[in-house]
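After this come two complexes, each holding subunit A, first together with subunit B and then together with subunit C.
Up next is the complex of A and B:
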């Protein structure tokens, strides 16, 4: 028996080896190299050890601070809107109706479009001179806006693009969660006199907690990595009002050739995302383990 | 019983063999990813310019240099934009190889934008697949050249007998640290373009475009049209909300006698009074609502290019492209002579030839450069609208482009492009937001420029 298990183990390791080799070479090694570079002043030509000066610089960099604030704001706006509206839309489409499948398709369609393409489309929509949004405002005799050229509106405009793209994905996840809620819970609640709001608050929301937790964790990680729409729509402007941490990493590394400092920012981001993920796991994964049998 | 055990043993062996084969198949999928793909300059040559002719390359592996007994391969990166100054006449490779049979030329079309070009250049550097010669923008040349990426051509240019035929600016533009490092071969000026039909509608004579700041402001106010809601429907003069590379603000500053960047000493001078006065002038125009917000780097956002602007500082490329996209504007758009305030000035980008520092074919590269900038080759490019840098063939250019040829040459003569300093990316990084904060009304020009100046000095360690 021991010999047979050993043989099976070897086969198993051989099967998973390619993936772990890939993980090691393309994930773990770059992380290690990045960590090493964060203690240097590498600029593609020279590399000198500079100790923790890159990390000390993180706290003195006003643009990085602005980017962290922007990233947090963007994350809060995008997550809050996509999760709440995703749930609302999911509840709506679980109703019966002939057009529901069509509606579901159209809501999900933006998710399959590449973010770069979507950003180009929204660049036209937001165009102050001839864009779609201002054309609509003009029809209703409302004042035209500068949208992505307005420092007060630019971040919201970027968030809207993300909301438009991610809503469908959240809708699908919540739909799956809603379909998994046993109907007899609602029936029992109705018999007990619970109205729609009570049923939503005491049955739907708690039962969707695992789904919400998943969307929060993945949403935080994805939103902290926001880059494409920022680069294409606004390039971080106007006046750095839309620059994000990832955008700063790109600029510092590939525009300013300060790879050491860019690596330090990456390490900082990794720590922040890890902390947020850990907090989410600690407080968000406490589900109500109901025995529904 | 024996037969039974034999069949079980054969089954187990078969199972092991299948397992082993599957494992080998899985591992074999990793091997191609570890292989050396060879070369790195990547793309095959593509169609350039507005003509549909394509460029024939030698072999398919661009970006590597090799030599056999008689023929040396030269690799040449050529930026591929849709501008006429990036046009490569048909048959260039054949003509060069006929003139210099000891060489075989491989051309690769590469991205034209500074950011994309530098990304590709850096990738090639890290994979040791840089070309011998690059044809690139002044912005990229300044950024890469000040990092020592290009070979000094000082010995060759200093003793070059054809040097006197070149515009001083085209050679001076390519100096780094006082040494000739690049050769400017195609100017890309930014000029004041205007709509004659809109001028006439506003009661302004199209024969007298604005020549100074006062006239510019006067015309801009007359040409601006707003609807009942106060929204601008026709911009009088395009003043960008975002001017990251100083394409519009730099010429205005130079017109006002500003230095902006002391290239000789490599120090910024953003807080000099002339720069502040310039931004006050531009903000005064912007705040009077004579423009629509746009990013100058994105051609599709410029109001003039969309038919809703009366005047705009655009490149000759954009001007030509406007006529291609809107042939109905033929005869209704013109380019004005350089505007002046304290002096005449204009933004004039350049395309330069520069040899990479690691090239092993310095002699061959110099032969290629001389061929590229020869009178014959330059004359061929004139036929497609490329502005010459040789004074001996400028008359031919004016004959070929009679309407605006001389105006363009006058602009090139007073034009200045990107500043060639090691920290030029810092200039854009801090000037851009400072300019935007002025246009948004968030800061005064003096405060914004003072802050930008301090930030640049802090970053460059001064």
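Up next is the complex of A and C:
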């Protein structure tokens, strides 16, 4: 019996070995390496230990401060718009019966488009000289805008691209949530005299809480790491009005070769993401005890 | 009562039609622009002309392909996607099987450590992974201590490395294999199959849906990846499709027709896959519930 057990052990270890090798080399060890590097001034050639000076610099860096504000603003705009509109569109699409697959194709298609490609298409739409958006404004005799070259509009423009790409994803998640709500709850509420608004407020929203929670947590982490759209559309400009934390990490690291400082920003970013995710879990997961099906 | 429901449906259909038009407009714009001449693009004509070219210039596609080494970019992206998908499916299914159906010491602890990997956003590891690949001992001109050369930087392996493991796939496979009845394992043993043999001949053939949804997810992720290739490649020969798109854009002007033509070609494989297997695609995304 003992012999057989140890053989089983070996098969088990052998089967998880390749996974663990890559997990260690490229996910777990890097977190430690990153922490280590944040105390050095590594620049691809030399590496000296510099104590906490990288961390002190974080607090004196006005562009980093700007990037944190931009990232939070972008995250709030994108998250709020995709989640609320995703729910609204999901409610609409479930009313269309046999046409659901048709509409779903159109709304979901942008999600399949890569962020780089999506950014290229929107770069063309935002083109200030002869792009589509200014042509639309012209039809209505409104003044032309410079969109991604306008300090006030640039960040919104970046959010719109993400909204276009992510709406379908949020809609699909909510649609499957909506279809999972047992119909008898609505019938019972109707008999009790609840109107449409009440039914939405007291049945739909609470029943969708796990979906909302999931979209909020994963959406926060994904949006907070925003980089591709920014890099392609504006490269952080104009005058740093769209630079984000990830964009700062990229610039400090792979443009300026200040890897120590870039690692310190990464540590800061991971701490912020962990704290907000923990807060989300603390206040958002209350709905999990709700199980009526 | 029924009529009210009908009115609701009509309103919903109208709203969804409008939304579909708005959502599809950028893609239609890409189509039409890819067929226009640069002269037509900059002529500022009416709104409708944005979506309907005066004359279809199909030569845009062949001309765009001649600007840059597109054969090579396609090869790079294709190779990285295919190899990553195959290796990660093999690695993930094996590990998922071991965590679900085998008993070995420390199994649950090891699985939990893997879950920690799920909570680390990939962006948080770009710098250290770059550092590890560059200083990998004995690779790419490096000595035993990982010094002297460029290591794995600017290689296909570097493009694949961060995507090969993936705790998420292991998690997905484990959940799936946990639902298999113990009787299946016992029957396999009685018939003389080893544990690994049972995995290959019984569990793998029965788990096509998981393989399919993970395949779609991984392929989408690899094909669409932008940030990592941007960081880890340094020469034109190692560029992938997504980062090669900037070829058509310089400081002063952009060749929109060529750029849209290539964007269309790059989007096409996944878009066609989505249109053909829409149900599997959407279900995979709902069940896996993760960003592609």
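FYI, the second predicted complex is superposed on the first by the 268 of 293 C-alpha atoms of A that agree within 3 Å, B and C clash if a C-alpha of one lies under 4 Å from a C-alpha of the other, contacts with A are read in each partner's own complex, and residues count from 1 in each chain.
Simple rule for what comes next: a contact is a pair of C-beta atoms (placed from the backbone, for glycine too) under 8 Å apart; a residue touches a chain by one contact, two chains touch by 3 or more.
The structure presented is a predicted model; accordingly, all values stated were derived computationally and were not measured.
The superposition on subunit A brings subunit B into a clash with subunit C.
Counting the residues of subunit A touched by each of subunit B and subunit C gives the higher count for C.
By the touch criterion defined above, A:122 lies against subunit C but remains apart from subunit B after alignment on the C-alpha atoms of chain A. Shared-chain residue A:95: touches subunit C; no touch with subunit B. With both structures placed on the common chain, the touch criterion links A:221 to subunit C but leaves subunit B unconnected. In the superposed model, A:239 makes contact with subunit B only, not with subunit C.
Once the two complexes are laid over each other on the shared chain, residue contacts for A:22 go to subunit B and to subunit C alike. Of the two partner chains placed by the overlay, neither subunit B nor subunit C lies in contact with A:197. Superposed model on chain A: among 202-210, 292-300 or 400-408, the stretch of subunit B in collision with subunit C is 292-300, the rest showing no clash.
In the three-chain superposition model, subunit A touches both subunit B and subunit C at residues 11, 15, 18, 21-22, 44, 123, 127, 129-130, 254. Residue ranges on subunit A touching subunit C, taken from their complex, read 5, 8-9, 11-13, 15-16, 18-23, 25-34, 37, 42, 44, 89, 92-93, 95-97, 99, 101-118, 120-125, 127, 129-130, 132, 135-136, 139, 164, 167-169, 172-173, 176, 214, 218, 221-222, 225, 227-228, 231-232, 246, 249-250, 253-254, 259, 262-263, 266, 269-270, 273, 277. Residue ranges of subunit A in contact with subunit B, taken from their complex: 11, 14-15, 17-18, 21-22, 43-45, 123, 127-130, 134, 138, 141-144, 146, 149-151, 235, 237-240, 251, 254-257. Looking at the complex, you find that subunit B touches subunit A at residues 19, 22-23, 26-27, 29-30, 115, 118-119, 122, 125-126, 147-148, 227-231, 235, 241-242, 244, 292-295, 298, 301, 303, 306, 308, 425-426, 429, 432-433, 436-437, 440, 442. On the side of subunit C, the complex with subunit A involves touching residues 8-9, 12-13, 15-17, 19-20, 23-27, 29-30, 33, 41-44, 47, 50, 90-92, 94-95, 97-99, 102-105, 107, 110, 113-114, 116-117, 119-121, 123-132, 134, 161-162, 164-165, 167, 170, 194-196, 199, 220, 223-224, 226-227, 230-231, 242-243, 245-246, 249, 254, 256, 259-260, 263, 266-267, 270-271, 274-275, 278, 281-282, 285-286, 289-292.
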